[in-house]
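Both complexes shown next keep chain A, but they swap its partner, so chain B is in the first and chain C is in the second.
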Partner chain A sequence: MRTLLLLLIFSLSLFGNSLELEAKILSFIVDNISTNQEKIVFSDDTQLLKQIALNTKVTTNCQDASIVIVKDKLSLSKECLSKKLFVLDYDCLEKLPTSFGAFFFKKGRANIVFIEPRLEQENIHISKKLQPYLEDRIW
Partner chain B sequence: MKKLLLPLTISSFLFGSEASLDMLMKTYNKEVESHKKTVKKNDGDVIVYSRKDLDHMQAFTLNDVLRTVRLFHLATARMGESQLIKSTSKNNQIARVKIFIDSHELNSVTFGNAIAQYGFMNLYFVDHIEIYQAGNSLDNGNDTAGMIIRIYTKDPLRENGTFAQLTYDNLGETRVNVIDAHKIDNRYSYLLNLDLQNHKTKTITHNGYDLKRDANKAQFFAKFTKKDDYEFAFSAMKDKAEPFTTFSFSPQNDRQLGENFYIHMRKQFTPNTLIKASTSLEHLEIDYKDYNAVQFIDGSSAKHLEIHLDTRSSLVELQHHQNFKNHKLLLGASFERMEFEPKSFYLDGSAYPSLPKDLERDIYSIYAQNDYKLSSDLTIIGGLKYNYSKLKDGHSYKNTIYRLGTKFEKKWGTFRLFFFNKMAQPTLDQLYFSPIFAHANSNLKPTENQIVDLNFNSQVTKKFNFQAGFATSKIKDAIVVNPNTKTFINNPDNITFQRVFTRLEYEANIDTKFTLDYFQVFKDKTFSSNKGFFLKADNTFNKLVVYNELVYRNAYTDELGHDIASSYDYTLALSYQYSKKLLLKLKGENLFDKAYKSYIYDSNDPMGGFFIQERSRRVLISMEYTLR
Partner chain C sequence: MVKVIQPKHFLVPIALFLLALFFVYVYYSAIKSKENIYSIIENDMIAEYHELFDNFNNYLINKQNIHNKSDLFLLFKDKQNRDATEELLSLSSKNVKYLYILQKDTKGRFRFLLDASKTDKARFYQKFDVEDKAYEEIYKTKKPHVIHQAHINSLYLTYLYPLAVDGKIIGIANIDIDTSFKKEIAKLITPYELLFQAIVVFIVLIVVLIIFQFFYYYKSRHKLFSDPLTKLFNRHYLKEIVEYLNLNNYAIAMLDLDKFKIINDVYGHDAGDYVLKESAKIFKNSIRDSDIMIRYGGEEFLLLIYTRHKKANNAIDVCERIRTNIEDFEFVYDEQTIDVTISIGLNLSPVESKTIDNAIKVADQKLYIAKQNGRNMIVTTLSHTSKSKLIPEKKGVDFVKSAIFDNRVLCFYQPIYDPKNSQIVKYEALVRIKEKDGKIVAPFFFMPNIAHTNIQYKITKLIISMVLDKFENEKLGVSINLNYSDFINKDILNLIEERLTQNKELASRITFEILESDEIENIELLQTKVQKLHALGCKISIDDFGSGYSNFKTVLDIEADYLKIDGSLVKNIANSTKDYKVVKNIINFAKDANMTTIAEFVHSKEVYDKLVELDVDYMQGFFIAEPKPDLQTKALFDE
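Moving on to the complex of A and B:
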């Protein structure tokens, strides 16, 4: 019964918190990609990282991560930027040529995109569920 | 146990490995809709048109939205434009409403109503619209109005691209909209919007004369923002129109040009304190050359009428928000100067003899509003505003506006009860310069309006929302035209009326929503529809959006005794995301050809005049392309 109640509270809070939903979307993406390393996530957005930690293995040290979710590229060291990068801003996708995908706003709505040649270059495979979001290049 | 099953199902749907990313994205996009940050439910009965609503209904102009608003309707005015009329009022009695774009008030200095100029405004740069009815907040300009329309422009950080839209309709109208919005870096962003339109309507032939209301319109809007610091906005609109009936229903060679400009600046000094400053200019040029002479109220007549009016206004406003303990306090002060300048007025080439000069009005206002949370479910809301208005001829007005209310909130619903005492100043044309249809009267008093408003809102189930409202209103010193002296006067009789509304919203799922909004007004004398509804079905099927809208207003008898049938204004809008960059749209407006009708009276015509629908039946096709 307690478990049910916790689930109830959690699911209700889900609808009231955009950060939790954003984290859920990012966890979904991480779950549906495969790399040749263990998937450990770091993000320079600490609030977001806390939420992602509910569903995904995370680290607070960028050097220990295999996937970095980038909010502000200026806040990251060169070493961090050499990891597999997923960005939270479309401009970052242009500015960081190794980034493989983005979660960003365009035309008033949140969008997701994965750049196919970059996935190949970074040796990342995505599941069928993410394939509708594939693009062959940046817009 | 059953109650637990629903959220459990939802959570397992969202968290389960089979959860759809598309569904998660839709849920996220709904959660982060911009209006959730701006809407103020304690500020009145609020109707929200979200970005999604505006997109799905394919609302090209502000009038496309206003047409669906309860307790009002749009009717065609003599000069061809659609005017907003309060239900039960005469169709030439324009409702007093206020329009804000972000924090700037679109002020029509001369006529006290901005709908004539801004009703046709393109909405391509607009994110969402909030409409506040009944005892609305004091944070709404110096004067008060029956309805506040708050328009919020798109956020460049969320727009993040360049888009163009081309629209064509079966009457020959073409419309081009372009928007470019980007962030420059993490602090600065901009939005640029350009709209061009050649507006076409059906020509009406009356007594052998072709009456047209076509127009060429251009609109430019620019916004530059520094995050959490300042915002600068500039707007320019130009409207070159054919003036329909002109004054004598016999147009020969007529031209009407309207231009509106404003610059607005908002500076956030601290998270709680901001200053707003704006200046605006309205420019109106009329050049009517008619076959028949125009009769004026002073007995003179002319076939050629040339008018050139300029009106300006400047506003500075300081606002401070403070939250402490259980109080949510708003303090504000403002100064506004309005100037009305009839630059020229020629009748058959001769200058009008008594053109008023230096028509200026200064308005000083201070206000305070406090929401005090007395307990977890009870909030007391109180506000007071003091206005001092001074005119250059020495006349001055002082008035106090106040609003008292309470909010009672339980899990099963929220009650709000307000008492509002508000004053509306006479407009400058009513006071000083109205040479055509009625004599101005500089001794007019402000109109006082007292409103008691009760509304209830309940999210009955996750899918079903219910709202209902009742208001009673008493209007004292309403400004009317004395039929004998043809002069603006204060009506010695008080006007009272009551109104009720109910709104039901059923969201079957994130892609399917139905809305029914019904109202009725109870008043002794009614000259237009007193009841109506708005029915909406909004469905998304994969890449296809199907939007149905029916706006109903009941039959009525106007002030001249004409019986006018009920109106059923039906709109169907389809949009299809053809590719990531291309969106195709198809819209049918007034498909039953039964839009709201009014009667245009021609005193020179032995037959009287003619009936006219507020909008023509037409089909529009649009293509929206993402350029960058």
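Moving on to the complex of A and C:
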């Protein structure tokens, strides 16, 4: 399963630009998680949101979103931060205790992390494809 | 199809091409050198990091007392140890972007134990998703791995070093090298690279330009050297190749389509062009690649037949193939079938003629013989007919020109005898040229060579003037030979009219003889001219009747006053019953047509007597009198 995602990352890194790559990986992640609500994505990164919109249902209004992809937590309202949060920086996982996962580049390599207790807390389920990225804690 | 190539023309593009190849090679070598430089520096760096990690591994074992992966985990779990080790490792080369120690956890995922990188630092035991199989491989091979990073931005390579204790991997020391050193080397090499590129592009452009020019040159050459109608080579091509042509290797043939002027007149010029084009195709299919066919003039072609290492028969075979192929081909134009044949004069040993011009002349003389002997044949020797034995001594245009200029053109007069009254009734004017050494040259040796040229018209005008001057104050008449082209030449007719319009008495004594063997292209035109001469009071004679191709109707159409029987028939009259009968019939025909008959070539008493028996009107020949500059008043036998 992990190989599939790695293949996606590899092929996208070959042919696409980094924003497109990020958006496709995020769409893949959204596709492979399930919540009790309809998955409507919002992000404070408008460029990224435009790219995600190509594959995933998005909203430009945070209030209408069920999942918020956070680039900068300071730009988000309290109401927004109460949604299901997916962050774009590993450190953010710590700063936003309700965030359930992160996608980021570490030393040039794409990395994905899901914090298992937070997934349970937010009532989020991930598919088998994302299982290899599960962590029980933040290091 | 340029057959003779001038090799020197190809040296320039070949040299430039080789030069371009050389520069491409040098450029390629420069690129390779750049790669080699990268490789050398890369190896140096790897050796340096290898040594660093060797020492680090020893340090862990000997100084830190690490025996397994748990020891390593515990060592770096302590922040102080981490900081100290990071400081130790961060002293490495400036090309290092990231330096870190990874360890595989129980689930097989790689985690940071230590990160000595200055940027993008990872936390202790943070998961690290790696894509490359080398991370797994290193656990099997236990040897360092180098990953050339093509897809990670700003990274050039990753060096993986297995930290091991007693052959067991306890972690992986990781170094990511950025592309800065490559950029620095590229910066140094780029100006030279650009220079080479510019030189190569320049040379390639020059080569392309020269190739284009050569292409254009050869295209122009092809246009210049080929005949647009037949697509055969033209005479320019012969001039171009003549200096490279080795006459030892060729036989030379002159080819001429028989009665082509008649084809043009009867079927039209488009049909003539069709015949030429089809004939050219037949030539191409009949000759070999090594042979060269040139359109030499209107319907005249020159063939250079390659004979090196081959028998002369090959040249004859080629000519025979052409002759039969032309003869067998059905030329159909505008639903009309045109009979076409070809005459060929073949010079099998052009080298004996020393120059190509002379060799062509010899072939031309043989062609002339072929034409004289009935056409549609190949003549290879000058002794094909009795006449042709004399041909090698023939004189050309320059000879006649110089004779006109030096006033060495003479007129001889041969008496024409009336056997009934035993008296000379008139003379035939015969042109002669006196050579510088005083030797007299007969017209046979120069007239064929100047046929249809301005020189022919000049000499005809000169003879007319000389004869009219001489006979102005004489009592007897004189015959002047004109050929068909003289008859239709305006200048000649103007001269005759100018001289005779005001002198009817002289005009009545002048007879113009037209050769029956001449190819009369337009009988109506000739009739008009004859009528004009008749109107002046002149008489017309058909010369050499029986030697040519005209039928009786043509002779009647000309409305001649005299019919001169050809010497080839007359000379054998005493011995040949056949010739006797022919001459007899000609005389009867002439009498019926109200024409006076003259028999020429009367060379013996026997011939004379036979002609008397046949009741010929007049006679002419050496038995009666030879041509002389003066007017002879008596026959030889009367004297």
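In this text, the second predicted complex is superposed on the first by the 122 of 139 C-alpha atoms of A that agree within 3 Å, B and C clash if a C-alpha of one lies under 4 Å from a C-alpha of the other, contacts with A are read in each partner's own complex, and residues count from 1 in each chain.
By our rule, contacts are C-beta pairs under 8 Å (C-beta built on N, C-alpha and C of every residue); 3 or more make two chains touch, one makes a residue touch a chain.
Since we're looking at a predicted model, the values are computed, not measured.
The partner that reaches more residues of chain A, of the two candidates chain B and chain C, is B.
Within the superposed three-chain model, A:Y90 lies in touch with chain B and with chain C [touch as defined at top].
Of the two partner chains placed by superposition, chain B and chain C are both touched by A:R109.
Judged by the touch definition given at the top, the superposed model places A:I25 against chain B, while chain C stays out of reach.
Applying the stated touch rule to the two superposed structures, the overlap between the chain B and chain C interfaces on chain A comprises residues 10, 14, 18, 90, 106-112, 132-133, 135, 139. Chain A meets chain C in the complex at residues 6, 9-10, 13-14, 18, 90, 106-113, 132-133, 135, 139. Listed in rising order, the residues of chain C touching chain A in the complex are 97-98, 100, 109, 111, 117, 120, 122-131, 149, 151-155, 176.
For chain B in complex with chain A, the touching residues are 4, 7-8, 10-11, 14-15, 17, 19-22, 24-25, 27-29, 31-32, 34, 51, 127, 154-155, 157-161, 163, 183, 186, 580-581, 626, 628. Interface of chain A with chain B (complex): residues 4-5, 7-8, 10-12, 14-18, 21-22, 24-25, 28-29, 31-32, 55, 72, 90-91, 104-112, 129-130, 132-133, 135, 139.
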